[in-house]
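Right after this note come the structures.
Two complexes follow with subunit A in common, the first pairing it with subunit B and the second with subunit C.
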Partner chain A sequence: MMPAIYLEAIVLTLGVLLVLMEAFSNSEEKTPVAWLGIVGLTFVFILTFFTANDLSASPYSAFYHADFRAIFFKRFALLTTIVVLVLSIEYRGVVQKYVFGSRPQAGLGEFYALPVFTCAGLMWMASAVDFIMIFVSLELVTISFYILVAYMRRNAGSLEAGVKYLILSALSTGFFVYGITWIYGVTGQTSLEKIGAILLGLKVSHGPLLFGFMLVLTGLGFKIACAPFQIWVPDVYQGAPTPVTAFLSVGSKAAGFIVLMRVAEVFLPVPWINHKAVTILVALAALSLLYGNLAAMPQHNLKRLMAYSSIAHAGYILIAVACIGSRYANIAVSFYLAGYLLMTLLTFLVMAAVANQAGGDDIVHFNGLGKRSPYLAFAMLAAMASLAGIPLTVGFFGKFLIFYVAYEKGQFLLMGIGVLTVAAGFYYYFKVVRAMYWKEPADDTPVRTSPLTGATIAALAFCIFFLGVYPAPVIRALEGPPSDNPRLLAR
Partner chain B sequence: MLNILILCPIVAAILALLGAPARPAALLASLINLVVALLALFQYDKTGPAFQFVSEFGILPEWRLTYLVGADGLSLLMLLLTAIVTFAAVWVTPAVARLEKQFYACLLFISAGAMGAFASVDLFFFYAFHELALIPTFLLIGIWGSGDRQSAAWKITIYLALGSFILLLGLIGLYQSVPVAARTFDIRALQELAAAGKIHPASANGVYLLLLIGFGILISLFPFHTWAPKAYASAPTPAAMLHAGVLKKFGLYGLLRVALPLLPDAARHWTHLLIILLIGNIIYIGLVTISQKRLDMMLGYSSVMHMGYIFLGIASLNTLGLNGAALLMFAHGLSIAALFAIAGQVGRRTETLAFEDLGGLAKPMPFLGFAFGLAAFASIGLPGFANFASEILVFFGAFQSHVAGSPFFGFRLATVLALWGVVISAVYMLRAYKAVFMGELPGRWSALPDLKFSLRLPIVLLLATLLFAGFCPRVFLAFLAPSVKAASFRETLS
Partner chain C sequence: MNLNDYLAVSGLLFAIGFAGVMLRRNIIIIFMCLELMLNAANLSLVAFSRFHVSAAGLPDYNGQMLVFFIITVAAAEVAVGLAVIVSLYRARRTTHVEDITSMKF
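For the complex of A and B:
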């Protein structure tokens, strides 16, 4: 059993190794960099199963937790990055077109190496329980995203996305840090655990602390892309290279949510904060649900549609965050994110494969996919069904847990909005299904995918159904094996 | 045994998608299912425990989430209905011009979903299996439908999605209204808890309303019915048969299986609302049906209207009415499937189903005319058919369950109005028969071929089952007794 902190060290080393390989290798071909990244990350993924969950023994426990949830989100980050690398290989033609240097594949090496650093940041964030640590890891993630979003430097859309992301992200980071300073000013602590103890124990001044909490919430709202901090999302998602969009919508959102959970768990149990904080979280959730789902309906471009859908899903997850205190709220958030990872990455993989051939990622480019490549179309159908929330897919089980905790906490307003927006979601996700099966294809040539992409698509589609019917592996990874938790049986 | 019923269509669908000959695979699977369903019916021990053929597989034991199938008399009857209608629907499917594999796969998935829902004893899977039919329905109407298929497909999909998520809230509420330590999705355990009075009364009324609206949307309860007629009119014939005949019964089955036995007091609390809505189904939709100008639309509306009778039986909450409702579910499923099958055949030959274009078709097609006549009589509720036997029970049950002090003589008034519904359905069915099969035969159709002998078989099967159940309703009622007893509470109170 090795300490969890080694995992981040290995990933960082791997990242440095990839950069060195890119710099010193004479080969024109850069794909091996990505391959090494995939293999290395897979190795680390396997290592996570041999990692100690024990907190007390760790000398870092004041600012670094390696509980079940942290390990779970480390796996989450690794898996996301692996799929993003697969996606990058599939997408390399487009990147090449917009980045030219002295050699044909110039610049691709870094494109493969940077996600690994982001991954290290995400993994670190999963364990961070101190505001300083959270901030540092958040910045590691964000700065590598600055580069990645604007990576296609000859493409106006990518540059525009980069600038928008840079400015708004910097602004939100400002809010976040400012919030931390207020909280520090009131409590004299940056460790979440100690802040929690102080809030429950001594008398602290309410106003400044609430102000700080709201600022932190604003900063995180940007990361998780919830309304009203969602302005940047559609343009950045559409402009960024597709693998980066996938990474942003899954990795960045998950990172925001794990921090939000850690913060909310400290602040929400405090009676005088709880009421106000829950009201605000409910408002955020309701706004995100309505805005994301309604704005997604008229979209014609799938990438943009996924941007609005990402706002909508942030809304669903926020329902569970607003219910923290319920026994299953954390599980609901984490499970929903795991499902969201599978279905979103699957969508982006199929989208990249189709866009390679059709030359665009509008919904019309999917016309007749059911006839051209039945397997790809079926995978996309699985992703859309899961995003919409049809039972026996992982997306449904996530929504089930969300509604479960909402009912338990009596959040009837959110439940009502949630049910209506689910119906709206059926409309825009099924637009893709309609294009694939109802419409006639423009040409009958099947869409070609590399074996690696094909295998990844198959694996993700399989997981969507498998975890939808048998969610136990994810739940156990979050909760530990049932025998360790006898109180679970009572419930 | 029940696992075969669920898995057989799924396996056949996957084989068909992978390249096996689609029609033979689908026929074989539905034939196997028919045989298995009959076998299960014969092997069911009426003296034994309510749920038999139980098999389970723990999904999340620590949350008590289990894949759990089992069947009592009510579920066996619905499984038999599913098997018969699936078999008939697959059989009457005409040659599919494009995407044949996908067509049969969609049909089989709907069938598997219905089988799974009726066989599930665990509420989570009961719910999940029903939803399995959502995407296939969307595809069936969207790809192979006729007329205004696009808007019909959107409407049914979004409406049913909305209904099923409301239903999900209701089920979650039900789960949470028992004490923490006893929470479970197992219907048997929940029934025991309900009998012991462990279900929290404060939340019962709200939960029941959620269930009623959720199931009601799926059943096309007035005023949530607008998705149904259009979708059935646009759907390809086998899809309309399966959906109107089988899938729609899921909601009714849910009311009988879940809502009434577990929340009897709440059921009584909302009875008046239900009565008003079901009169809407019978009278308002009945009048709308009369005014229809196309055969397929008329059949769609008539299927909505007949839900009113089943609701009346359910609302009566006594043994007679509930027996009638359960048997009527079976009978209506068969008769509407037969009507859609015949209408589909007529439509294929004439390429129009508007009443004003049709006429005199009984001359070139005597068999179709005869069969349509029988199915129409069954649907009206003429003696000899199962519909009659069950509607009589419903009416007697409803008339009986009048409680003193209820406004407008509640049930009695409703029963009298519902009886007028029979007249209404006689009007539209006979008018339809006259418009399609009697009168002047347009010359261009004088040489239309009658139904091939092999295609007559499924329709004969549907009608023969109806007649059998009409003459010997006891055979089926004997199976229903324990399940109905669990759902009815008036006798146990008095």
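For the complex of A and C:
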């Protein structure tokens, strides 16, 4: 059994190794850098099953927790990064076109190495229980994303997305830090655990603390892409390179949510904060659901559609966050994110393969995919069905858990909005399905994919159905050993 | 000078920074205003730390630790941010926000 803190150290070492490999190898071919990254991250993923979950033994326990949820989100970050690297290999032609260098593949090495550093940041964030640690790991992720979003520096769209992301993300950091300042000022602590203990005592001033909490919430709202902090999302998603968009929509959102959960679990049990905070979370959830789902309807670019869908999904997850205190709120959030990982990454993988051939990622480019390459079309169908929440897919079970938690807490308004917007979701996800199966293709050539991409697509599609029918493995990983917790499945 | 004076100055800095981000149209100026917001946080952190005196008469160093991290992160952010802005300028010959609206609904 190995302490969990080594995992991040290994990932970071791997990242440095990749950068060195790209700098000192004589070979013109940069794809081995990505291969080494994939192999290394898979190795770390296997290592997560052999790490100790012991909290008290670690000397770092004041700012680093390795509980079941943290390990779960570390695996989540690793899996996301592995798929993003696969996607980057598939997408390398486009990046090459927009990054000029002395050699044909110059600049591709860093494109493969940076996600590994981001992954280390995401893994630290999963474990961070101190505001200093949260801030530093959050910034490690954000600053790597600044570079990745603007990576194609001869492409106006990518640069524009990069600048927009830079300004709005830095603004959210400003809010977040100022919020931390006020919480620290009132409680005199930066550790979440100690802040919680002080808040439950009665002698704190309410106004400044609420002010700080709201600012922290604003900062995190940007990260999880919920309305009304969503203005950056559509443009950045559309302009950024496709692998980075996938990484942003899954990794950045998941990391934002785990920090939000940890912060909310400290603040929401305090009686005089509870009803105010819950009201705000409910409002954010309702706004995101309505805005995301309604604005997605008229979209004809699939990347932009996924951006609005990402806002909508943030709304669904926020329903469960607003219900913290229910036994399963935690599980509902994590399970939904796990499902979101599968279906979103699958969508982006198919999109990258199709866009490579068709030269664009509008929905029109998917016309007749069912005839051209039935296998890819079926994978896309699985992803869309799951995003819409059709039974027997992982998306359905995620939404079911969320609505169950809302029902338990009596959030009937949110349940109503949620069910209505699911119906709206059917409309725009099935626009893609309709294009694939009911429209005539512009040309009949099948879409080519590399074996690696094909295998990843198959694995993700399989998991969508498997976890939709039999979600127990994920839930068990979240709950820990059956003796500690009430079992959801035993009921 | 008591704690409130420091907090007032810090609040003012934060407000100026935020107003600048919202109102100015030059990306470089917007970026400066963002740094101003981070420095507002630094000032109030140091002030809080200085006025949270422990029983031994020492200030509470947690806050000052965070200040060091904020300064480091802000430096990294400027390094990357300016590079992005420079490459935007090379591609588009502009640093005005009105000119970078190629993506719309």
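One rule holds for everything that comes next: the second predicted complex is superposed on the first by the 480 of 491 C-alpha atoms of A that agree within 3 Å, B and C clash if a C-alpha of one lies under 4 Å from a C-alpha of the other, contacts with A are read in each partner's own complex, and residues count from 1 in each chain.
Please note the rule applied: a contact is a pair of C-beta atoms (placed from the backbone, for glycine too) under 8 Å apart; a residue touches a chain by one contact, two chains touch by 3 or more.
What you see is a predicted model; the values in this text were computed from it and never measured.
Trainee: Report for A:472: first if it touches subunit B alone, second if subunit C alone, otherwise both or neither.
Mentor: First partner only, subunit B.
Trainee: Under the stated touch criterion, which partner chain does A:43 make contact with: subunit B (first), subunit C (second), both, or neither?
Mentor: In the superposed model, A:43 contacts neither subunit B nor subunit C.
Trainee: Look at A:370 in the shared chain and tell me whether it touches subunit B only, subunit C only, both, or neither; answer first, second, both or neither.
Mentor: Only subunit B is touched by A:370; subunit C is not.
Trainee: Answer with first, second, both or neither: which of subunit B and subunit C does A:177 touch in the superposed model?
Mentor: After superposing on A, A:177 lies in contact with subunit C but is clear of subunit B.
Trainee: Examine A:422 and indicate which partner it touches, taking first as subunit B and second as subunit C; both and neither are also allowed.
Mentor: In the superposition, A:422 contacts subunit B only.
Trainee: Should A:272 be classified as contacting the first partner (subunit B), the second (subunit C), both, or neither?
Mentor: A:272 contacts neither subunit B nor subunit C.
Trainee: From the superposed pair, tell me which subunit A residues show up as contacts to subunit B and also as contacts to subunit C.
Mentor: none
Trainee: Which of the residues in subunit A end up touching subunit B in this complex?
Mentor: 370-371, 374, 381, 385, 388-392, 396, 400, 403-404, 407-408, 415, 418-420, 422-423, 426-427, 430, 433-434, 437-438, 469-472, 475, 479, 482, 485, 488-491
Trainee: Inside the complex, what are the residues of subunit B that reach subunit A?
Mentor: 17, 59-63, 99, 102, 124, 127-129, 131-132, 134-135, 138-139, 142-143, 150, 154, 157-158, 161-162, 165-166, 168-169, 172-173, 175-176, 180-181, 183
Trainee: Across the complex, what residues on subunit C touch subunit A?
Mentor: Going by the criterion above, the answer is residues 7, 14, 17-18, 21, 27, 30-31, 34, 37-38, 40-41, 44-45, 48, 52, 60, 62-63, 65-66, 69-70, 73, 76-77, 80-81, 84-85, 87-88, 91-92, 100, 102-103, 105.
Trainee: If you look only at subunit A, which of its residues touch subunit C in the complex?
Mentor: 131-132, 135-136, 139, 143, 146-147, 150, 153-154, 156-157, 159-164, 166-167, 170-171, 173-175, 177-178, 180-182, 184-185, 188-190, 234-235, 238-239
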